[in-house]
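Chains: A, B, C, D, E and F, in written order; residue numbering restarts at 1 for each.
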Amino acid sequence: MGLNLNWFKYSSPATFYPLAGKMIPYFAGLAVVLTVIGLYLGFFVAPTDFKQGEGYRIIFIHVPAAWMSMLIYVVMAVYAGVGLVFNTRLSSLMAYALAPTGAMFTFLALWTGALWGKPMWGTWWVWDARLTSELILLFLYIGFMSLRAAIDDPRRAARASGLLAIVGVINVPIIYKSVEWWNTLHQGATVTISSGTSMESTMLTAMAVMVFAFWMYTIAVVLVRVRCEMLEAEQHTDWVADAVREGK
Amino acid sequence: MNWGSASEFFAMGGHAFYVWGSYGVTTVFMVAEVVLVVRRKRTITQRLGRMLRMRIGGKHEAQT
Amino acid sequence: MWAVFQCVVRRDLTLAMRRRADVLTTLFFFVIVVSLFPLGVGPEMDILRMMGAGVVWVAALLASMLSLGRMFSADYADGTLEQMVLSPQPLTLLVLGKVLSHWLTSGLPLVLIAPLLGIQFGLSTQALLILVMALLLGTPVLSLIGAVGAALTLGLRGGGVLVSLLVLPLYIPVLIFGAGAVDASMSGLAAQAHLALLGAFLAPALVFAPWATGWALRISLD
Amino acid sequence: MLEVVDLACARGERRLFENLNFSLTQGELLYVHGPNGSGKTTLLRAVCGLGWPDAGEVRWQGQNIRRVRDEYHRAMAYVGHHNGVKDDLTAFENLRISAQLVGGAGDDERVLAALERMELAQCVELPGKVLSQGQKRRLALARLLVMGAALWVLDEPFNALDVRAVGRVQAVLSDHLDNGGMVMFTTHQEVDIIAHRARHVHLGA
Amino acid sequence: MWAVFQCVVRRDLTLAMRRRADVLTTLFFFVIVVSLFPLGVGPEMDILRMMGAGVVWVAALLASMLSLGRMFSADYADGTLEQMVLSPQPLTLLVLGKVLSHWLTSGLPLVLIAPLLGIQFGLSTQALLILVMALLLGTPVLSLIGAVGAALTLGLRGGGVLVSLLVLPLYIPVLIFGAGAVDASMSGLAAQAHLALLGAFLAPALVFAPWATGWALRISLD
Amino acid sequence: MLEVVDLACARGERRLFENLNFSLTQGELLYVHGPNGSGKTTLLRAVCGLGWPDAGEVRWQGQNIRRVRDEYHRAMAYVGHHNGVKDDLTAFENLRISAQLVGGAGDDERVLAALERMELAQCVELPGKVLSQGQKRRLALARLLVMGAALWVLDEPFNALDVRAVGRVQAVLSDHLDNGGMVMFTTHQEVDIIAHRARHVHLGA
């Protein structure tokens, strides 16, 4: 019961809005600190890969971006689903706020992958399963945002795009498993970079730190954006008036 | 420490274009996203502030 | 319940027969898109053989997508969809009926004519057989997935193009395995694995898609 | 019995109505009044289960209609602004399919009788698309006669009907009420079926 | 007269801007369709290079055809087309305005993005240039011919057959010469002849198609 | 002056009317009566130049309207069963474009005045799609006020209008007639603008 109450308390925009405002600086700060540490580890501690040379250092943004692109989609779909089933406005707004960042990370995964592919595989782009499914993911994000934009009534837009997000979520396991299902050029799902074991662990650490940095970045940006969405969606309510008056 | 000199660092073992191309574009996108979203927040707050002032101002005039 | 399912299927088939031209156009479109490639690429049989399955599949995807507009939008515009949603029957069932008749009028004809087109590309009898089987398993999935997109974009201006943006990405796995099956059989490998995967798409799509479509319809009718 | 409890609907920024409460029992007529744009259509669609209200609920026999949807839809028939007439089917086919969709056998006798009652006898074999505006409207209303629903929800049923047809429809409504049916409707024309136990709901300023 | 032409173009552009998503989706549709072919056919660059131009052209044709629906059918359904036909201005002029804005919102974006897609298929810079020029000459023809078809299918019974009989044979030469121009330049021949032929399609289409479309509209509105 | 000479229209196998003759001069009202499906819409569309009659002709100032099409269309305005309201344009834009299409400047003052006269003031900036059925109808009728045509051809103008709006439209019609305009219309509702010099045409049995 108490848990229930809390849930509803924090899912009400009026409570969530100031709370989010307070949390943003912490996440932003964490993101900056982790990025600095991660880049230091990645560029100055992790050794040169004997097969790929220095080119492999793209991994420290490629893999985090690729992981975030999928993770954000799943989180977005969950929010959209909750919004659809329980008719909570805030969850739909969260889904909207996540989409642009997810699309950006998807694009970055594609971009860094392409820049990596040229020196490693000798081509910018191959029609390989993982690359293709990542491209599909980008289209799904764009589809989600376009569908929302195409519907005028905010209530209907929330429901329709929520349903789409849920249907599209089946693509995520496909991306994740694609390397096993197809025989392709792309790396398997384990980090297998050819070098000594001790060095591998520093690479792993650097990559892990960068993943956390991107995670924190995402939370910070998405919280700002969801605050914008909340202000727009509820501009005629009293709490928005109060919030604006207090200059938050 | 992997690098003998700054120039060696920037050369990235001959992969400068690919590595810095990746990091550069990533930085541009992430910074741009932050700027855009913060600016959006500011414009919305300003617009709502203006609307609010107009409403309050209107009420005030009506009363006096 | 079965009676209602039958009623919906019969209704949609009747409507399709009254508008026979539409059904023919889909077929015509499919044939044209496929036939264009030998003209454009030139007569080398080796190259044609390599692209044959892919081209037929892409054309099937596009044809099935183009005919999605027929599934709900006319019913939406004249208000009969409203009446269907208000009927006391499970909406999932009605949707399934509509999808079935859509497939019968737009998917099945493609499957039947595909071997003829495959011959143009110099596919072997074995490859043609696999092509037909793959299409037989794959095109219903296209109709099922397409139904969700068509329902979501109902009444949106330019819905026709939006639907392709929503639906084509989800079609891609079907395309890859469908074309892959034929390629596998041509390079002497067994195509069973690919066909089994297509079957594995069909089963959940049959359960899940009509349900999602039903929801999408309820949302679009608000 | 139909109950509407604390219903509220919004469109865009505007709340069309809120805290709307009423109920409707056997043999009763509910007349929804209101000027253009006051939310009558929105209300009727919400009552049917087509709209998604912002607050409140609609109950059928004491239960939320979203819970007992199938049962409710078996007992309810809606004729909205759209006629729901397929252009490529004949009047007869249109009506028979409507009947079958409700689960009824859609036997030819009953369908023909309904067409006759709405004076559509000479249109039986004409495709929907060539019917005149008023003939389409009559065909939509003929659906009520074959569906056997207890609750009729009608959005401006008299639109486009000629005087004679208006009379016919009024008679049909009266009969339905006499047989213990319920009708919820809206119209801008003057009609005199208010002899029955009628309730009124006023929307808009 | 010029004012009215402007008014129609502005109106249709405004409508397109209100539905900006539409214009973007036409573009995405084009991109997706082009990307589908490598998926179906496989990743070998040699084959892809040979089919590149053809694929881009087929996709352009489909995108322009899909967006034809936007040209008249919405106006027909809501009665504004009736009002246009009843306006005291020459119908040919109004039609030309609608076709122009259709091309601006659906043809032109394709032309602009085509080089990017050509790169995916490994086309050379020279080939890309010819591709863009060919599309620049060819897509307006598609819009113009499409307009006649769109107008005919509005109300006419069995219009579907008529439109495929009328429009597709006229589309195919555009496709063949359009794709041919690129192929010629890739095999080291001059593409001028092909481009000149595309120009020769455009000129009569500009004169004849709006007029035919006007008549088709009058017939469809009966 | 409008003349209809020996006009005949058929639909399918059916002759809806034949040898129809009438004329309409300044300040006159023509009321087309007839039950549903009697051919009123068909007649009105033929008079506008939208339909293709089977025999006879429609003359404007003594000349066949197909010959003087531009001139005729400049002098004529038609409001049919369809409202001709674009979903994606605001009420204001809808009206301004209608005015511009006739070649008028479509100046904002006049457009706003027309909207106000039809009580659409608070819908000025709403897109067509969210307007209610009656609001759309009013918007269609507001077109008459900005187009400056002499002859108005109206197919059931009062459809979907609330009582107050019906009154407004009647006043608008009266004014138009007083200013030497011509109106040809059909309706199934009872209206009392027949105080003017009215002619009647009866279609159907």
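Assume contacts are C-beta pairs under 8 Å (C-beta built on N, C-alpha and C of every residue); 3 or more make two chains touch, one makes a residue touch a chain.
All values derive from a computational prediction rather than experimental measurement.
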Q.
Under the document's definition of touching, what chains do chain B and chain D have as common neighbours?
A. A
Q | Clusters that remain linked by touching, chain A excluded | A | B | C, D, E, F
Q) Counting contact pairs per chain pair, which pair wins? A) C-E
Q) How would the chain C/chain E interface be labelled, same or different, where same requires over half of its residue numbers to be shared? A) same
Q) With chain centres defined as C-alpha means, what is the inter-centre distance between chain C and chain E in Å? A) 25
Q: Indicate the whole-number Å distance between the mean C-alpha point of chain A and the mean C-alpha point of chain F.
A: 57
Q.
Report the inter-centroid distance (CA atoms only) between chain A and chain C in whole Å.
A. 32
(Q) For chain A versus chain D, what separation do you get between their C-alpha means, in angstrom? (A) 48
Q | Multi-chain contact residues (two or more partners), chain C | A | 19, 157-158, 162, 165, 168-169, 172, 176, 222
Q) Using the touch rule from the top of the page, what residues of chain B touch 2 or more other chains? A) none
Q: Provide the list of chain A residues touching at least two other chains, using ranges where the numbers run on.
A: 132, 139, 142, 146, 150, 153, 155, 159
Q) Tell me, which parts of chain C touch chain E in their complex? A) 19, 21-22, 24-25, 28-29, 32-33, 36-37, 39-42, 47, 50-51, 53-55, 57-58, 61-62, 66, 69, 77, 157-158, 160-162, 164-165, 168-169, 172, 175-176, 179, 183
Q | Complex contacts: residues of chain A adjacent to chain C | A | 129, 132-133, 136, 139-140, 142-143, 146-147, 150-151, 153, 155-156, 159-160, 163-164, 166-168, 170-171, 174, 181-182
**Q.** Residues of chain F that touch chain D when the two form their complex
**A.** 11-12, 34-38, 40-41, 81, 123, 126, 130-135, 137-138, 156, 159-166, 188-189
Q. Tell me, which parts of chain A touch chain E in their complex?
A. 123, 125-128, 132, 135, 139, 142, 146, 149-150
Q: Within their complex, state which residues of chain D touch chain A.
A: 11-13, 52, 54
